[in-house]
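Dropping the structures in below, format is structure tokens.
Two complexes, one shared chain (subunit A), two partners (subunit B, subunit C).
Coming up: the complex of A and B.
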């Protein structure tokens, strides 16, 4: 006779599907997960404390190093927050270039997240296709900024480099390539019966749970909770940005939403390129004394910087709230509860696009 | 009873999480609201919560704060019942319901509302300090 017993199932800190170390402790009844806990602390950086007392010229570089996957948005939000302390104006062209870079960063981050998911559910072919396509986005980042990860492109009062007409044409070609290839891959994802079996109705996350845990980004939007910071950003308003929402709140809809957002990002970049007028890209400006709180939409959701500086622009106090803090908590306490196979624990966890580097800032 | 092999002592890491600037602000508000000392609240949080929930305390508090309306005069609102049972689950639903029930009984027995709420707060404080 089959006997079901309570089992403690620790996963990690080192696991083939985890990009970064963490330990999930599941309590299971058979394979049915009744509750889960998360253990962090393997890669704590203490970056907020490192920033205190340093001038803004150093802090803007440190901010990028909070996360290696979404470094651009940390740079973007940190600088925009600092600009608000002294009302530093930003030229229009630079504003559009910032959006171009941010959306390219979103594309590569979403592709990496979806690669990880496909790899976790053992669809390695599609995973490798996605990882290969991510290289196009990384090349586009390198084309504009000269670097792939820590670009340091955004500075107070503008951006570092302009986009020449030749580079603009190359970028358009890259966007076309991303769109055409991704259409094919999304078709593969939608048509894969095994993918649907592993993803649909797994890791359910309702809208109410998303509100309760303050879930953000694609994880919340896949549960029909619209809290996209781009809706309130002045330049995105000019681009008539509208967020994409899905209803199901399962693994499948979280992955599908990221695919849809990649198409949206390529569209936004094209709109920027069309609307961008020639002009200066940096107006200059230095940071003085003051306090500001500013949020931006990272690939994983709302990223908030609360900065307080002294008269020389040295950081007196800084707090960073990254989206993974909310999303990982939501995943561990809501999505994993009720998963009925041990194999689905890792895939559900990866579907929330967890970033331990952000969480352990 | 489920036990894990290779358990780490997480107190030090949990304390680092609770020492972040955002946590300091949230904990200060909670301590003032319920009249408990910060170290006692920290200990309670570290005993009850896992690290992901500890990290998410400021965001969860923000959600509760947004839900509140100034016109709400209920006892649940005065106790912040949903805050300490749902958003930051320091008390179980049963414990909270029992305190609310006792407070309601006192008010219906002719007790003034303000001292009754104050006594309810003392009961919450006792649970938090236990």
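Coming up: the complex of A and C.
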């Protein structure tokens, strides 16, 4: 008689699809996953402990190195939080330039996430197309800031470098390139029947589960839960930002939502470039004693910094809440439950766009 | 046996399998290694393949400044790699700890305390071309005439 036994299926910490180390322990019945558990702690660095007692000039660089993929938003939220302590004014042009940089960072992060997903479901052609398109976004980042990953572009009271008209023209060309190429790739993704077989109705995540697990970002928005922090940001309000929502809550809609957000980001950058007027980009300011709490929308969801400083602007206490911690837990406890095969475990996990380095800091 | 050795050298120079391990980095170096896969840099045209599987790897790329969880595990990964093998430290973290080597940190750099490191690529993070150049310049040193090294 054929006998089915419950087995424990460990994945990681070193695994071909994982960019970062973590361990997923699945309890499976045959290949059907009945429950899963996550083990973290492989890249704990203790950044918050290092930050304590240091001035913003050092904390800024440490904040950026919380996560390499979404380094701009960490810089952005940390600095905006510090500006709130002493009400440091920011010139209009600098505000728009910050949004341009943030959206470029979102484009490259979403492209990387979708590349990982396509690579995991073994659609290498589309994956390589997306990774190549990401290089265009990285070039745009390098054009503005001079660095590919850790830019340190945003500082209290403004930004470091201005965007000259020649660079602006080049940037517009790059955005057109991203839009035209991505339209083609999205068409490939929509039309691929094998992609649909691997993605549709896999890793279901309903709206109720999203509310229950406090998931944020694209993972929640693909389940029709709107919690985009950009809706409450003053500069995004000026740009008339509206978040994109999808209903299905499966792997397909999570990936599709990221594609749609890339188009939205290029549109936001274009309207920034249109609204931007010449002027100063750096006002300066001194950070004194106080406490502030500020949130921003990272590529993966809501990111919160809570900072308190002493009279010389040194950090007394800092706590960071990153988006991935909710999303990974939601993925492991809700999406992975009821997944049909071991191959879908990894693809479902990647579809929630986990970032372990953010998580553990 | 020179003919056999020449054949081995020729094959090995176009078949370098790479595994990367993150032992406490911020992801910045990892995504630069991933960027090497992109058609722009096209790591496979040089005969380098990224599999991320220690058992078929020749070169181990290490990013990050060694968090305590890896104390035994990195040694295990290193032991699984068949000879001839080499490890490259990517970024400042495995070399010195970079910004994380301060008071209050959990990291324990450098990584060369734990496994032998053959080459180092500094930068925070290094560019994909630098990583590519490091792998390409290290590979012949390690793999060429490997069987005749003892003579």
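Criterion: the second predicted complex is superposed on the first by the 359 of 361 C-alpha atoms of A that agree within 3 Å, B and C clash if a C-alpha of one lies under 4 Å from a C-alpha of the other, contacts with A are read in each partner's own complex, and residues count from 1 in each chain.
The rule we apply is simple: a residue touches a chain if its C-beta (ideal position, glycine included) is under 8 Å from a C-beta of that chain, and two chains touch if they have at least 3 such contacts.
The model shown is predicted, which means the values in this text are computed figures rather than measured ones.
Of the two partner chains placed by the overlay, only subunit C lies in contact with A:66; subunit B stays clear of it. Partner contacting the larger number of subunit A residues, of subunit B and subunit C: C. By the document's definition of touching, both partners, subunit B and subunit C, reach A:41.
Touch criterion met: A:325 reaches subunit B, while subunit C stays clear of it.
By the touch criterion defined above, A:134 reaches subunit C but does not reach subunit B.
Looking at the shared chain after the overlay, A:25 reaches subunit B, while subunit C stays out of its contact range. Touch criterion met: A:317 reaches subunit B, while subunit C stays clear of it. In the superposition on chain A, A:8 contacts subunit B only, with no contact to subunit C.
In the superposition on chain A, A:235 contacts neither subunit B nor subunit C. In the superposition on chain A, the residues of subunit A contacting both subunit B and subunit C are 41, 44, 46. Partner subunit C is touched in their complex by these residues of subunit A: 13-16, 18-21, 41-47, 49-50, 52, 61-62, 65-69, 71, 112, 115, 128, 131-132, 134-135, 138, 148-150, 355, 357. Within the complex, the subunit B residues that touch subunit A are 2-6, 8, 10, 13, 16-17, 20-22, 50-53, 55-56, 58-60, 62-63, 86-87.
In the complex of the two chains, the subunit C residues touching subunit A come out as 19, 21-32, 34-35, 37-40, 51-54, 64-65, 67-70, 73, 77, 98-100, 102-107, 124-125, 127.
Residue ranges of subunit A in contact with subunit B, taken from their complex: 6-8, 10, 25, 27, 37-41, 44, 46, 48, 211-214, 306, 317-319, 321, 325-326, 328-329, 332-333, 359.
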